[in-house]
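The structure is given below, and queries will be raised subsequently.
For reference, chains read A, B, C and D in written order, and residue numbers begin at 1 within each chain.
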Amino acid sequence: MHRYRFVLTRPLQFLPVIFGISVITFILVRLIPGDPARNLLGSRATPTAIANIRAQYGLDQPMWLQYLYFLKNLADGEMGKSILYKIDVLRLIVTRIEPTVALVASSVILSILIAMPMAAIAARNAGKAPDHAVRIVSTFGIGFPPFWLGLMLIILFSVELGLLPVSGYGATIGDKLAHLILPSLTVALSLSTVLTRSLRAAMIESLKSDVATAARARGMPEHIVFWRHVVPNSLVPTVNLLAVNIGWLIGGSVVVESVFAIPGMGQLLVRAIFSRDYMVVQGVAMVFACATVLVNFVADIVTVAIDPRVRL
Amino acid sequence: AGVLTIGRREDSTTFDPIKTAQNIDNWVFSNVYDVLVRVDKTGTKLEPGLAESWTTSDDGLTYTFKIRDARFSDGTPLTAEDAVFSLLRIRDDEGSLWSDSYKVIDTAVATDPRTLTIKLKNPSAPFLSTLALPNASVISKAGMESLGADAYAERPIASGAFIVEEWRRGDRIILKKNPNFWQADRVKLDGVEWISVPDDNTRMLNVEAGELDAAIFVPFSRVEELKKDPNLNVLTDPSTREDHLLINHAHGDLGKREVRQALDMAIDKRAIVDAVTFGQGTIANSYIPRGALYHYADNLQRPYDPEKAKQMLADAGVSNLTLTYLLRAGDEVDEQTAVLIQQQLAKAGITANLQKVDPSQEWDMTVNGDYDISVNYWTNDILDPDQKTTFVLGHDSNNNYMTNYKSDAVKGLVAKARQELDPAKRAQMYFDLQKMAKQDVNWIDLYYSPYINVARKNVENFYQNPLGRFFLEDTVKNQ
Amino acid sequence: MSASVLSVRDLTVKAHLDSGVRVLLDAVSLDLAKGEILGLVGESGSGKSLFCRSLVRLLPSSRLTIETGIVLLEGRDLTAVTDAEMLSVRGREIGMIFQNPTSHLDPVMRIGDQIAEGIRYHQDLNARDARAAAVEILAQVGFPDPVRHFDSYPHEFSGGMRQRAMIGVALSCNPKILIADEPTTALDVTIQAQILNLLMDLRDKRGLSIILITHDLGIVAQTCDRIAVMRNGRLLEEGPKRAILSHPKDPYTINLIHSHPSMPEIGVSAGSETVRSTGALKPLLEVDDLHVRFPSVGRLFKGAAGKAVSAVSGVSLIIMPGETVGIVGESGSGKSTLARAVLGLTPISSGHVSFDGIDLAQQRRAGLAKLRRETAMVFQDPFNALNPRLTIGQTLAEVLTVQATVAKLDIPARIGELLDLVGLDREFAHRKPRSMSGGQCQRAGIARALAVNPKMIVADECVAALDVTIQAQIIGLFRDLAAKMDLTLIFIAHDLATVRRLCTRTVVMYRGEVVEEGPSEEVFSRPKHAYTAALIAAIPDIDPDKPRLKGVEPKPGEPIQTIKRMP
Amino acid sequence: MSVDTLSSGSAGWRTIFSKHLMLVTGAGILLFFVLLATSAPVLAPYDPILQNGDARLQAPSLLHPFGTDNFGRDVLSRVIWGTRIDLQIALIGVAFPFLIGTAVGTIAGFFGGIVDALFMRLVDIILAFPFLVLMLSIIAILGPGLGSFYIAMALVGWVSYARLIRAQMLVLKNSDYAVAAVSLGFSRMRIMFRHLLPNAIAGSIVFAMSDAVLVLLSGAAVSYLGLGVQPPLAEWGVMVAEGQSFITTAWWITLFPGLSIVCLAFGFSMLGDALGERLGVGE
């Protein structure tokens, strides 16, 4: 499978990226004014107690040494101990990964489910009323702040209509799905508009393309032309756009997680930053970075699978 | 019967009582652990906990506790040995955030399985109150040694009303009734779930929609609206929370007492109570909160008088007073207060430049004295006023709670009051301290506010004492 | 002649644009007999493609409408049938193949599936039978290994094979009529011959009727039975090919026939000009054992990465001042690379290039400076060679300013002169490329080259994209300039006839090497190398009675060729 | 004047309008907000930060068309004054990434080789770097406020522009007119900035319009986390975030600034679409 040969070689390119990110996060979090020890102790802090904690977590060591420890830990598959939670960062992250992944995944799926038909309707009626409607909806859809939208959805669907749970994550699969509907809808309402616009443009282009003309010239009815030729040829730019957006979603899930009380990594990260829990910030940043890299990797694979011309 | 679900802002961080100083943890400790000495519902009296009774030697140095016949959640009996282990651990363990408060303990020994004897290094009036801190909860020595501290911190073996059944990090803590609790008959609930819902609005909507039985930290702005909902009870329980405006005495003109007094008069506390707390708070007149031990109700209150304040500033030779107002980001109430105070000060000719920084940094900056004024608050976690007084007036390591306030007379009195064992004399000492502080304007007292929680109508006896503890032993959830 | 399968009467197509209504096809009437090949010729924009597309009602935009006229296909009027009926006409009755197979084949679908798609849809076959039928068709259109090629994607093929695949797709529905819209314009002469042979074979075997659109009269002469000439949306004349070719009536047709490259021109012949070079003169350009290699890209699976593609290997050339040298060779033979290397635009891997005595490898800075001042290049694609944001005047002024050979005040005058020189109106100084035709842009490009006041111009296929008539004008222009200004000209083309008419010396390249070189007359009349002979033989002659050599069939495993995309 | 010319004139105007509908709407909306911003002192009926304890949480009325907030401040006036800040956010939040990205992309794409390789690694890192960590860290380091926000946006945002421009440059630098420019002895600077960049930049300009929307929303998200502009400044994101507590009791506090964000975003999107069609982006 020569076309997929990059699957073997590409991961090597991730290393410098991950390394770069580890350096940047490490320096960045330590540049932030504020002291994790003092933060932990709160208003009852005394100098001895502070010094004690700093020593415990190695915060009194020179920075480069701390970084070496961090690397050494990473090599051992550890990420150090959380100052706030007092447990291993990796263990902590593992408990919080699933909700974020589920949120991102369901949002993306929902967005695609919304964007695909919207774009199809718009593109096949380009310049007519349905197209204008889709364009206006999607131009408006981008502008809503997600926290506001989320709250509105809760008020409508959960409080007034009582159809869906207000917030939280749930324990069983069905329960989780029910809990994910509103948050992923919140994300999807804006993400899908971005996808719709991109897909619509690509489809219109593709509908006018020689490929479509050639298919029509051999007597293919319009739906076959559209679904078998136009759609596959429109996907590549959207796949890449989606990958970039998933990257953003992974790193920016905090607002939706917070509105819907989803116990994910975004919330963990924000609390860690606010309490200067260095190890956790570093750990989460690394995991986010790896996830983003992975998503782009998958997008590359999908691109190659869709378009045989692409070589990576 | 039933499981009570309670929404709160954040999830716990640990179940190891000595390793946290956060209310969010302490409040759940009170459900899970038991302490030797408890604070009662009113938050003004100590009452027996695991210690059935106790005696104090005349010199105030030796305390002897009779340990109750109680058992841990795993069924093993709780002995004086466990109490010793717990106290020495909080004093000596290197991970303990509280060792300073327990350094006063000289020795703690189990003279027999039911008797605990503690010797202090010096007499300490607040000592008993410290034992009521959730951080001094009695932990199972055997349990800790067999599980190890990390595992114990996840699922502790304790002797409180409830057992930690499951902890879904970031989401909820699921507690189940502890059949081995020595007051197990008192507990009506089958279990409790502490659920983290960080967004205030979402948390309230959850209760309105009936998905949560109760929610804590109700924003002031929501009280009126929630009260209108026939399915809900809005509970305002007295607290020891007191909001104040810190003044950095070390910065220029703020060192002058007249200037500080002028500031006090330039601030309209009534307006703050109205606009920020939506009338839920009451104007504060002392650093010791109303309802707390030794609160001095007749303490001086300076009237709001911007003109007079202006005059006083002029008399003190201060013109164009410009102050940096350090503001904690992300706290709605603080921001609202800041906006109000800024406008009020402007009326007295004082310019306040708001500087908003994130909470952790704000904390750092106040400690380092990089501010002129800043709003802060305090809630007591022990009944005795000594802890707060020492921090605020006692010239300890914190520069008098970051204010750099200096008064030798006050300092001396704080130390004396700590060692005075006669309640009446002590009360007088604290009255004097409150008067002196007010006179010097160590800081500006703004308002007291209650704990505001909301519960659905079918929940009864859900209440929080002034020190923050939830008495879920008595809570009932009707179907 | 048998009864016509298709007859068109008074077909009129109008465009309803914002600027008003334009008539694109003006009452065109035509008949197509069974088993006949009809050649449709005419300049670009004359409406050839539009005519064919209106037959199957596939107009390129909703703003174009068929206003009047009828299209009778075996008695049915196609302008009146329903859209659903039209679906069964397209493909099944009338198949189409297009000029640019690269853009008309679905790049993300296997070739076989694209053929099978039509079969399944029109003949209601199941997947397996459709596959078998598709393999059969692939074999028919000349794929050496149809079973394997079924699973290939279009980009894995050379241009010729893609065009075969395109024909296969059109044949898949077993049509009665095939419309071929410039099926070979994008291809090399040798491949072109193969494709045309294939079409004629198919006509013979299947009894197809074919409409062949082209702007090359040579192709028509060699392949068609009848010719129709179009211009400006109107049918100028129509008739049996011999009649039209020997007795054209319309002045346009006459002009068209006379400007065909294979027509021997009377009076002017490049070969008759004496070569001015004498032994005493110093050569202007010396190329010695030049190699240019590119790292191979994107072919990881074939051998180790980093193995180089040798675009030019071991070329030696000497060009004297004032010479006009033609370089010919099939696409991908390294002509452009050689030209760019010579001008210092592509790094050379080994060998020497010296211009006017300065060795580029040794004195790079000085050499390049001299090159930039004294040489200029004219590009193949007239639109892309000009910066679309600048007016022609700005473009020229910039060159003059940077070269600083003309005083600032004299620049406008000089621009005027340059435009005069290339035969453009002076008002073109204020136009942008987008508002100009290809020929006009090409002239502007030449003006830019001349602005440098060069000793040498390298013209890289600068007429390939143009109409025959315009082609002839530009070649005339070059000839004049060479004569007037003592220019040295390197003229690259794959069109041998053009080179023959213009150049005194011809160099033939094949796979990066020079296989033959000599005075043009000699090379063309007595080719020494077999490849040169094949190239020359593949040119379709306008005389229908001069037989063409059969094109060389592609050998399996031959490297995929680069395909030129026409604008 | 005859009826005939009048009607044909208006018909002409109408076709022009409908043809340029998106451009006109987009530009019109933006112009409206710009006017609002510049004439805020004249248009706003009240002082946007003046509190009025007697007029708190009043529903929209003639006196206060958009109602008042919890300090009795006039929401309409705050929305109008907020225009200044939010336009500035959109403008500066896009301008710096645009300039930096364009410069970097031009250089990387033009020179290729090691410069480009280094640049691509940097892009990889920034793309993979969790935006939130960066944003919150920078805000924490420099303190909340517009300055930190702009810096954070610039540090991250340039990547998109650089990628767009670089991709264009890679294509254009091999175009015939670039080669022609080289063969004519033009300097690199001239080729890069006079010949290639103007042809490469259209896509970025269009992207900038949708980026402006993203910037506005990022600003709102930061406000939600409590790290928005310094109070008592009126900024729409902060207004929506702060008004959340009153969403069920005093909907007007959030609705009007929220709608303003949506409208401004709509204007930018429209303009972006129209420019995209005009400049032939994606063809």
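The rule is short, and it goes like this: a residue touches a chain if its C-beta (ideal position, glycine included) is under 8 Å from a C-beta of that chain, and two chains touch if they have at least 3 such contacts.
These figures come from a predicted structure and were not determined experimentally.
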**Complete:** Joint neighbours (chain B and chain D) are A
**Request:** Any chance you could check whether A-B or A-C wins on number of contacting C-beta pairs?
**Result:** A-B
**Item:** Chain whose Cα centroid lies at the greatest distance from that of chain A
**Value:** C
**Asked** Hey, how far is the Cα centre of chain A from the one of chain B, in Å?
**Response** 39
**Complete:** Cα centroid separation, chain C vs chain D, in Å, comes to 46
**Asked** Taking each chain's centre as its mean C-alpha position, how far apart are chain B and chain C in Å?
**Response** 86
**Message:** Give me the residue numbers in chain C that touch at least two other chains, ranges are fine.
**Reply:** none
**Complete:** Among all residues of chain D, those touching at least two other chains are 136, 140, 225, 244, 247-248
**Message:** I need the residues of chain A touching at least two other chains; which ones are they?
**Reply:** 32-34, 147, 151, 155, 258
**Item:** Contacting chain pairs - touch in the sense defined above
**Value:** A-B, A-C, A-D, B-D, C-D
**Item:** Contact footprint of chain A on chain D as seen in their complex
**Value:** 121-122, 124-125, 127-134, 136-137, 140-141, 210, 213, 216-217, 220-221, 224-225, 237, 240-241, 244, 247-248, 254, 258, 261-266, 269-270, 273, 282-283
**In the complex with chain D, residue positions of chain A that touch it** = 13, 16-18, 20-21, 24-25, 28-29, 31-34, 135, 139-140, 142-148, 151, 155, 190, 201, 205, 244, 247-248, 250-252, 254-255, 258, 266, 269-270, 273, 281, 284-285, 288-290, 292-293, 296
**Prompt:** What residues of chain A sit close enough to touch chain B in their complex?
**Reply:** 32-35, 38-49, 52-53, 56, 84-87, 92, 95-96, 99, 147, 151, 154-155, 158-159, 162, 165-169, 258-261, 263-264, 267-268, 271, 274-276
**Fill in**
So, in the complex, the side of chain A touching chain C is made of residues 2-3, 5, 209-211, 213-221, 224, 228-229, 232-233, 306-309, 311
**Fill in**
Seen from chain B, its contact residues with chain A in the complex are 10-11, 13-14, 16, 19-22, 94-95, 97, 99-101, 150, 153-154, 168-171, 195-199, 201-203, 205-206, 208-209, 211, 330, 358-361, 363-365, 367, 378, 387, 391, 396-398, 401
